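Each chain carries a letter (A, B, C and D) given by its place in the written order, and its residues are counted from 1.
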Amino acid sequence: MAGNSFGTLFKLTTFGESHGKAIGGIIDGCPAGLTIDFDAIETEMNRRKPGQSKIVTQRKEPDTVQFLSGIFEGKTTGTPIGFMIENSNQKSKDYSHIKDSYRPSHADLTYDQKYGHRDYRGGGRSSARETASRVAAGAIAKQLLKPISITAYTSSVGTLKLDKPYTDVDFSEIENNPVRVADSKMAVEMENYIKHIRKQGDTVGGTVTCVIKNVPMGLGEPVFDKLHAELGKAMLSINAVKGFEYGSGFKGTTMTGSQHNDEINPDHTTKTNFSGGIQGGISNGMDIYFNVAFKPVATIMQSQPTINKEGDNVTMEGKGRHDPCVVPRAVPIVEAMAALVLADFWMRDKVSTL
Amino acid sequence: MAGNSFGTLFKLTTFGESHGKAIGGIIDGCPAGLTIDFDAIETEMNRRKPGQSKIVTQRKEPDTVQFLSGIFEGKTTGTPIGFMIENSNQKSKDYSHIKDSYRPSHADLTYDQKYGHRDYRGGGRSSARETASRVAAGAIAKQLLKPISITAYTSSVGTLKLDKPYTDVDFSEIENNPVRVADSKMAVEMENYIKHIRKQGDTVGGTVTCVIKNVPMGLGEPVFDKLHAELGKAMLSINAVKGFEYGSGFKGTTMTGSQHNDEINPDHTTKTNFSGGIQGGISNGMDIYFNVAFKPVATIMQSQPTINKEGDNVTMEGKGRHDPCVVPRAVPIVEAMAALVLADFWMRDKVSTL
Amino acid sequence: MAGNSFGTLFKLTTFGESHGKAIGGIIDGCPAGLTIDFDAIETEMNRRKPGQSKIVTQRKEPDTVQFLSGIFEGKTTGTPIGFMIENSNQKSKDYSHIKDSYRPSHADLTYDQKYGHRDYRGGGRSSARETASRVAAGAIAKQLLKPISITAYTSSVGTLKLDKPYTDVDFSEIENNPVRVADSKMAVEMENYIKHIRKQGDTVGGTVTCVIKNVPMGLGEPVFDKLHAELGKAMLSINAVKGFEYGSGFKGTTMTGSQHNDEINPDHTTKTNFSGGIQGGISNGMDIYFNVAFKPVATIMQSQPTINKEGDNVTMEGKGRHDPCVVPRAVPIVEAMAALVLADFWMRDKVSTL
Amino acid sequence: MAGNSFGTLFKLTTFGESHGKAIGGIIDGCPAGLTIDFDAIETEMNRRKPGQSKIVTQRKEPDTVQFLSGIFEGKTTGTPIGFMIENSNQKSKDYSHIKDSYRPSHADLTYDQKYGHRDYRGGGRSSARETASRVAAGAIAKQLLKPISITAYTSSVGTLKLDKPYTDVDFSEIENNPVRVADSKMAVEMENYIKHIRKQGDTVGGTVTCVIKNVPMGLGEPVFDKLHAELGKAMLSINAVKGFEYGSGFKGTTMTGSQHNDEINPDHTTKTNFSGGIQGGISNGMDIYFNVAFKPVATIMQSQPTINKEGDNVTMEGKGRHDPCVVPRAVPIVEAMAALVLADFWMRDKVSTL
């Protein structure tokens, strides 16, 4: 009930604060017999980790995942997969500025009000460091889901938008640039813009687009646990996310039914795909695609007015090494969460019929 | 696991198909001692029911809720609240056109693929009739949540937008017009537009905005079950929803951190509210506000090409009495789902601390 | 969380008080495509219902199950199965004696203390009437589980014991006598004893033995949800149950390992079956067998001292028509709960491996 | 669904195999603000650990619990408590005898049949080593539950029974003898008997009695999650348990209602306590007491016939250092599981009323 688990049959529970001994989690429900590709997990971890390029935070964390159980002789055993990622350089920092004062648009105040007692170091449990556990688990989910492919990319940074449908972009460009935008020209513009923002000690938001291909028909549970409802929840649970839309999304609200309806072909594909690959909460075999909105990172390297625990007005200076734009590092997190959603529905679909 | 329950501590499970004997549900976890206002429940049911105005479906269903258990001498007992809404005129219809053919952008095909066997009458379980159970349960949730107020209204129909922040609109206008838009002038425009669309045998989408006031600090569970993540899932689980955004939403992605951060006042309010009343997944006491995108209703009164079970191309004619725009009747459903989310977190917050 | 659901993938949630409008439930997770035998459900209901013989309560309740959803053209659709059993003659009774006083060894006092407000009529939610919903759901679970057979019988009434292992009794005798003991001679003794007890206005306890045959290997989840742990919980959740043992049970504690170990044959059967068909929480294909202890019914037709709400000493007279021994009617309830446990593990096992 | 979690609001999920890198778990739902007594946790771990006396296994494992998260400055923060116990000497063993052959009355065969692939080293996940995680979590639950006291003791070993009600024994004797029997004279007899059994290379069963005092009225959820049903499940989930009875238990079945009913005093205590402190599944404030039956340990130091993977008859020799009687080390495990049950209901009761 405390909200640290995701999924039902393929279930991830995470633990850990930003500056405790370790973060990690338990995957309960991964079926027995899955061969684990540890290199693939490391690849995903590296896509998320700090310090990977000049436009992300320059903190150094190796983010090595140690698996403690559930995998034997390279294959899953059906027992829970416990894993841990040590917090390597958590000791030497100075947190006095956030111990007693509340950072604007952070969770400092709400945690204090809810729990009375919080680990304030580096944001504690509210830090996006927790998402490292999601990426580790998502990497295993991806392996379970073969041959489904899940591909996310940066589709806007601030007002710079990659104004093309996903069908017109080149996915192979994504990992060629530090912004993870699927367009080489836009990559340069966005990178320069992020550098400019960082120099100002400021941050900026953006959007990530995600495309899922080769989904079999039938994934998703209608009514409350619609496939897109769980995708939405998954995305909105990522730090800094403010919105989610799939298929025609917000633009679809301006269309008429005669424009929006997707005509069905004899092979069960549809001529258009405004539905975004989901009908009635269940996958129809077409591509699933959606957009995720990220607000600008709240930690800025500028002086800001705020209050302290006593309610006095104080001035806070940003410290440390933070991301000027969260979007490039969010790309693998979006993919991981999508993989966790699909892995869960993959399992759930096995019990829909006799 | 089959996705028919919503909530954890205040939990609604619904049952029922559009044209079976009855729909209904069980609320498990409503605390003992709550005095139930049955008139208030009926009011909410009437806001959702068909035939309430000229711009919604002209079907006649009284939608009377029968409570079967859990309430004694006008108060809840802490035992499950079972309730039922009879499907009054479900017998005489002709469903041959949807028994063997798949309506475009409906769940007919995906249900058939997933389950092999479905109740095709009136859409069966995939019909929005199921939302009547949500409104009944949501009406009880609202009573639990006093003095929190939850107010939704139509904020766009097609391209007609009520282009004002919620702080500038007059909530008292909402129930004065059949569109449920919070503006008397826009009400006329939207009503005329919906009538125009209906005459064409077409449908149109729109958006609903919802505002929640008087929320105490501390509701929401951080990490996976963030308050806005559950609100997002709740909204996306409503039939025809394609998108959700809260606070600054998609527009917030174009802002910088220095613009977007909400400065905290000594009384714990914030000067701005781009955060939408939620920080780190936990309510901060400011207004919560969000937008929900509805696609145009898929059932149109025009002839459309599609396929039948054998995969032959066939032409389908829309039949029956359907909504030209789902948004006016969706307003109480959005409120009901928001109430269910908040009631659940209200309960969950009771166990956060010693 | 309020404890009104049983199972995880094949999940029953029940509602209803003894003297409300109706009791009933929702089965969520029954797979699509199961042909329902309604006569078989009625047969189970008749085995549990009051008034079926001279040694059970003489109340008259038809206990007809109305299915409201989830079954179409005789087969399950994968959507929730809502059902209801009306409380036919709940209106005319007089409950003043239990409204303000607490019956000894009943739940009157604990409900009052826990909830503050309770439906006292006929015991309300704490009445064994709730088990009618379990029998209805269990009857469907049995149909899902074919060809597994689940057979329970009375194995003792008071000090009268059927002192034979289950392998030596004749199951075909069970329904030939109102006690449901698997032995025609013991049937007469037990029946006479129960009549004798009833004449004294007293009640007596007893035990039920249950045997499950044709269970495939592999059902059960090790660690917390061991097959026998869930069976134990299921049985202990039945009104009046005080104990549960399976396989060698309490007697097994006096044995040595060399006596108790079940030698494995090349065909995976075992030479003995002290394990009771379960090893490490997982079925091994041998017969599962267990005993369930029922205390004497608390409602006796004798005058008893107790207290009222004000804490005054009062005398209470038993009223109404009650069972002198719960065991004969408990037999189908034990079977129903066993069926619910197995149906759930049947579904859960589908997701253990790739 | 894979059965590795226990509890709902105070929820423990465990991971780990006997000879993997580590075992451990996550406690999710421990409320914020609880001061943790780490010495008390170590004390409980030491009561369970191997090598503590001459009548238990002579393996040496320090069983030090490392807490990784959820506790800050000595107090819980409301975030998940991750913990880990390293498997210190897991490397050098030889498991060839159990890799390909199935030990009688062990889970080797059922795991193989269920999962296809298992970690056979030392029993893997089916090893009672997993219970170390339960004891760690139970020690925290005990701290939450103050001033409730939970005391278990050995009440029989083989046919040697401590034939007194719990009200007549001296709890202060329990930790004075390695058998953990609450009687100094019986302690010598039982210890000698266990030594005798061990010399024969054999094992023996026994029972544990547990008494819970100072329980407030109102804990437990009626219907499926009755307090005694969850206690029963908890006990039956411990390795080697074959039975559970509470209050009057199996003996109560031979009593009449007039004997068995517990008369209520004006102060809400009862004159007798055959109910075992629970009525209708809810605690009534009287002592809760129950018995747990443990079978003889399956691993014996004698040669036994069995089969291998190919189905050939083979002879197996017991190896390693095992417990001749599991009961002395089971005592703290019984207490830990009782604590987990009560902590969960403690939390659940907070949401029963407004």
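Rule of thumb we're sticking to: a residue touches a chain if its C-beta (ideal position, glycine included) is under 8 Å from a C-beta of that chain, and two chains touch if they have at least 3 such contacts.
For clarity, every value in this text was computed on a predicted model and none was experimentally measured.
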| item | value |
| --- | --- |
| Chain of greatest Cα-centre distance to subunit C | A |
| Pair exhibiting more inter-chain C-beta contacts, B-D or A-D | A-D |
| Geometric centre distance via CA averages, subunit D-subunit C, whole Å | 26 |
| Whole-Å gap between the CA centroids of subunit A and subunit D | 39 |
| Whole-Å gap between the CA centroids of subunit B and subunit D | 47 |
| Shared-contact residues (touching 2 or more other chains) in subunit A | 1-2, 4-5, 8-9, 14, 29, 32-33, 78-79, 114-116, 125, 222, 351-353 |
| Interfacial residue positions of subunit A with respect to subunit B in the complex | 1-6, 8-9, 14, 102, 104-107, 109-111, 113-116, 125-126, 130, 156, 158-159, 197, 202-207, 217-218, 220-226, 228-230, 232-237, 242-250, 252-268, 270, 274-276, 279-284, 291, 293-300, 302, 304-307, 311-313, 348-349, 351-353 |
| Residue ranges of subunit A touching subunit D (in the complex, touch as defined) | 1-2, 4-5, 8-9, 11, 13-17, 20-26, 28-29, 32-33, 66-70, 72-73, 75-82, 84, 114-119, 124-125 |
| Residues of subunit C touching subunit A in the complex | 1, 9, 29, 31-34, 78-79, 144, 222, 347, 350-354 |
